[in-house]
Amino acid sequence: MLELQDFSCGYGGTAAVESLNCTFAAGALTALLGPNGAGKTSTLMAVMGHVAPMGGRILFEGRDITNRPPVDRSKIGIAVVPEGRQLFGDLTVEENLIVGGYSLPVAAARAEQEQVYSLFPRLAERRAQISGSLSGGEQQMLAIGRALMAKPKLLLIDELSLGLMPKMVDVCIEALTRVRQNGLTIVLVEQNTSRALSIADHVYVLASGRCVMHGSSAEVKDNTEIFEAYVGIH
Amino acid sequence: MMRRIVFLTAMLSACAVTSAPADIIIGMHAPLTGFAAVDGKSARIATEIAIGKINAAGGLLGQKVQLQVFDDQGQGAQAVTIANKIVSDNAAILVIADSYSEPTRAAASIFQAAKMPYISAVASHPDITKVGNYVFRGSQLGEVQGGSTAVHIAKALKKSKVSIVTVDNDYGSSLLNGFKAAMGAQGVTLVGEYSFTMAERQFGSVVAGLRRDNADVIYIGGYWFQGGPLVSQIRAAGITTPIISSGLAAQQFIKIAGPAAEGVMIVDATGDDNANPEYPAFRAALRAQEAEANVFFSEIAHTAVDIAANAIRRAGSTDREKIRDALASTKDLRTMYGTLASYTSGREIIQRMPLSIVKDGKFAASGEMEIWLPAP
Amino acid sequence: MYYVDLLISGVAFGCLYAMATMGLTLVYGLLRILHIAHAALFTLGAFVGVWVFNASGSLIVGLIVAILAAVVMGCLIYRLIYESILSQPPYVPLLASLGVLIFLQDGFRIVFGEEGLTVRHNPFYMANFTIGAFSINVIYIVMAGGALISMAVLAFFANYSRHGIAWRATVSRPLLAANFGVNVIQVRYAAFAAGSALAAIAGVLVALMNNLVEPHSGELISYKGLAIIVLGGLGNMQGAFIASLVLGIAESFGIGLAGRYVDRDAIAAVALIATLMIFPNGIGRART
Amino acid sequence: MTGYHLSLISLTGIMIVFAVSLNMIMGLCGQVSLGHAAFYGVGAYVTAMMSAGGVPTLYALPVGMLIAGLMGLIVGFASLRVRDDFLAITTLAVGFLFVGVVRKSRALGGEFGISGIPESGLGPAGDAFLVAFCVVLTVALSVYLSRNWTGLAFRSISANEEAAQTLGINSAHYKLLAFCIGCALAGLAGGLYANYARFIVPGTFGFSLSITAAAMVVIGGIGSTAGVVAGAVLLTLFPEIFRFLGDYRMLVYGALLVGVMLFQPKGLAGIPSMVRRWAGPR
């Protein structure tokens, strides 16, 4: 589904990620783990087209999208749940969803909106509320819902659990498990490694912009020594 | 750095002055660009027409007259540079200011110090002539206009309650001061007093006040670009009070105010039916050069040349002191504006004050006003 | 009655300010540029509108051509000037914008003449609407009505159409909006077009009121527009509308009641300084 | 050398002092000010009032400087609260407020301004020398500040305020200092102007003068003392140099401002390095 080949990227000439080789299989949930500053968010942002590539390629469904503008990436099926939610704070819940489905035809977007509401009934209750005034958990639901509005093939999630009550994390993970059944590919960046390992199919561990270890969840869990050296189990 | 500036400016000034030595040079500054560019154009072309006539008739003292025009942009700082340049070049025998009070005041002391005769054609600020004995006026003082208006309202119009609206600069203030100084003795009272800035075009608050005042007469002192919108807005609000005004004798005023201008009385304006036999030809020449926007400015610019030429002829010399003396002794001179009776000891003009009234889109002469003079 | 008159004139001008400066608000919201050259679009609209009206005899045709001219010029200013300097420090686009304003104003002077243009057959000329002892200039009604209608159309678009919602999302988070398929460049052109169109309408209305357009007519809104976007909460349309009304009314009463001691420009200046000292980032919700 | 040349030199010198003073705030400290003419105006009015009251010019000038500097301090406090374009708008409003207040103030002559400001008694050459002296002083101070630690602090604020604070540089302290010095020097320039024109009106100190000063700094090259001096000379002599353009001066002026911002945001100061780049290493 998504492939990074010898990929480097960074800000203002300084590399944040170097020579990364990753493959994200279709239908799988892949977790990117690693300490702060390891380059996880930069990798996601590069896939969305917000970090300048410095070498290598990004392939999506076999197509080279390394230099495509962000606007195109949503059309080919990539969506993001950014770190800290980043809702359109002045807009209502429903309006956030409408923007999420902006690249779809009107009727399809409306249908998708109902799907999201059935996934998160809380959002349906609050559809006319200004999104900036929602609670943290509701905001995360809205961020996920907004990303799902575009009917993506690939969903990038940055720090799902950050700042959320455990109960809310459960609600979100449950929702993700449900949407995965439709074949959605997910890339999850997480600080909460135990949570991530419990749901991920495959794991990449990054440190200082490089991949230091990867494998299936089970493999990584078994290699606890190396893993803890880089990440530490929380 | 310094040397470079000096070199640069020396080069420039060498380019700027290229006149045959035999010519008589008259300097002039006017706002050719900037907010008053329309007035500056009217003045410059009128001056050129007046000098062209003199040259066509053989010049002055057997020499051709040459005009050097400078753009003061209506700004004091520019006028200082220009005055210094004219004085340094030492070529002009007399200088005319066809400009507003700010640049004229700024330049006057420099010409006085250089003993170069200087005629303030338009500017009406009282301090200008107080600078010294080389500085003369070419038109009526703001105070005189304002005071005479008060007298006219009481004696000719037989009204007493007046609302006054003046531009917030030295012209407007002098009008107001003159009006207030004269009104007491005439039994005229102010029921409303308003001012507006140079850039103002929106007079909603003033119009609201005028409606409340319900005066017998409204007196407006300002320029055409404010007077046009102001008079339109007054009439658009349904206020039908008679209006008398100073400073609006510009064709452009009628163009802007259109039917609202009808019946507006204009203080100190000769009207389109000026009695000077050369007047129709003058207007035709202005029209040919599209300089009819502010005929009042044109008339007094022409008048300044009339006054200067007369003095130079009588002085019989290009000696500046003799020209100064001749200016001071000007007597019963027929100008494009009217007849200049004489100068006061303070070098202010003594001249009858015409009144005109807007009728059918033209300025029609409407007799003369009694002159009020401020106490010395 | 006097106070009612002052209020009416204040509201009429407040509405006019709102319409004329909406472009500044839209552009600031999207690009964080103080688009002072916007004032020139107001003047351009007025000149073109009056010129075409005088030539064709139809105010509607004049208005349409004026809007087109201002829209084209507004988009050109974005394309030729701002687009390449968006990443520079804020003073760069600000001074470039000032340069454009100076350039265009002098261009108007050269093309249309120093003395400006007057309207030949002004339909609102000396027209007033009288109820008993009470009369209002028709142009005031047109000004307030025109502003309210155009603002309502804009507000409806921004709140109830998909494109309008996408536009607001772009103001809120431009990078992210792009990720949802919003074409940020198109949104920018739309903002310049809508703002310029409103400025052109406002310009024509002021020309009709004064019966005059001058090369520097736009100075009416250049600096005040900046005050309004700050008072209104930076890029916030409702806020800007309220700020415009407040400023229009404050000016009307300030000049009316204390005109001899208060300068019109100083009223906006005091309001601006006081606001910024209390709310250093402008009124309105803090952005996260 | 004629009076005209002396007068042009004086005016150019005054504008150099004024532009360099703005550069202290804008260039060295990264604080955009669009109301600098107000401080020039404060200096001019104080000097004019004192001279007219009989105080010799040489004593009146420092007082004007002091008061303008104090006013700068007040606005400097405002600059601690608001940043970037907000500060630009605040200073712009300060400029309008100054003109608005002076315009309506009877004590300051209102719209009439102050005329008949007595001569300094130094004569035209002496006045020009006084201006030249002030130019040397201002330029020397500007160069000194930009080369020394204070200048370093200024520049680090302009580059990155948070970083400067973590380095232990008290940005508030330096911002206030920059405003204070910059406005005091603007007051000096204003005082020199009052002595030069011997007649002042409020309109002179309005928005367009503030913009002209900002344009001088930016066209010259923000932060570069030499560039700003060149910018001030160019724009002051602009009407003289470009007299041949006649009616199209403002058009060219506007186009120049846009052109510099688009193609040479470093201003004139950036030209030498550009030329070097073109010439290339051999």
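Order of writing sets the chain letters: A, B, C and D. Residues in each chain are counted from 1.
What we mean here is this: contacts are C-beta pairs under 8 Å (C-beta built on N, C-alpha and C of every residue); 3 or more make two chains touch, one makes a residue touch a chain.
Everything quoted here is computed from the prediction, not taken from an experiment.
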Pieces of the assembly after leaving out subunit C, positions unchanged: A | B, D
item: Per-chain Cα centre nearest the global Cα centre, belonging to chain; value: C
item: Centroid-based (C-alpha) most distant chain relative to subunit D; value: A
item: Cα-centroid distance, subunit C relative to subunit D, in whole angstrom; value: 31
item: Inter-centroid spacing, subunit B versus subunit A (mean Cα positions, whole Å); value: 76
item: Averaged-CA centre spacing for the pair subunit D and subunit B, given as whole angstrom; value: 35
item: Residues of subunit B whose C-beta touches two or more other chains; value: 197
item: For subunit C, residues contacting two or more additional chains; value: 109, 260, 263-265
item: Residues within subunit D bordering two or more other chains; value: 103, 247, 250
item: Chain-to-chain touches, reported pairwise for every pair that qualifies; value: A-C, B-C, B-D, C-D
item: Subunit B residues within the subunit D interface of the complex; value: 1-2, 5-6, 8-10, 12-13, 16, 32-33, 71, 75-78, 80-81, 84-85, 87-89, 102, 105-106, 109, 125, 127, 168-170, 172-173, 197-198
item: Touch list for subunit C against partner subunit A, complex; value: 162, 165-166, 168-169, 171-173, 175-184, 285, 287-288
item: Of all residues in subunit A, those that touch subunit C in their complex; value: 48-50, 69-71, 73-75, 79-80, 82, 86, 88-91, 95-96, 98-103, 106, 132, 146, 149-150
item: Contact footprint of subunit C on subunit B as seen in their complex; value: 35, 37-38, 41, 193-197, 199-202, 204-209, 211-212, 225, 228-229, 232-233, 235-238, 252, 255-260, 293
item: Contact set on subunit D toward subunit C in their complex; value: 26, 30, 32, 78, 81-86, 88-90, 92-94, 96-97, 99-101, 103-104, 207, 211, 214-215, 218, 222, 247-248, 250-251, 253-259, 261-262, 265
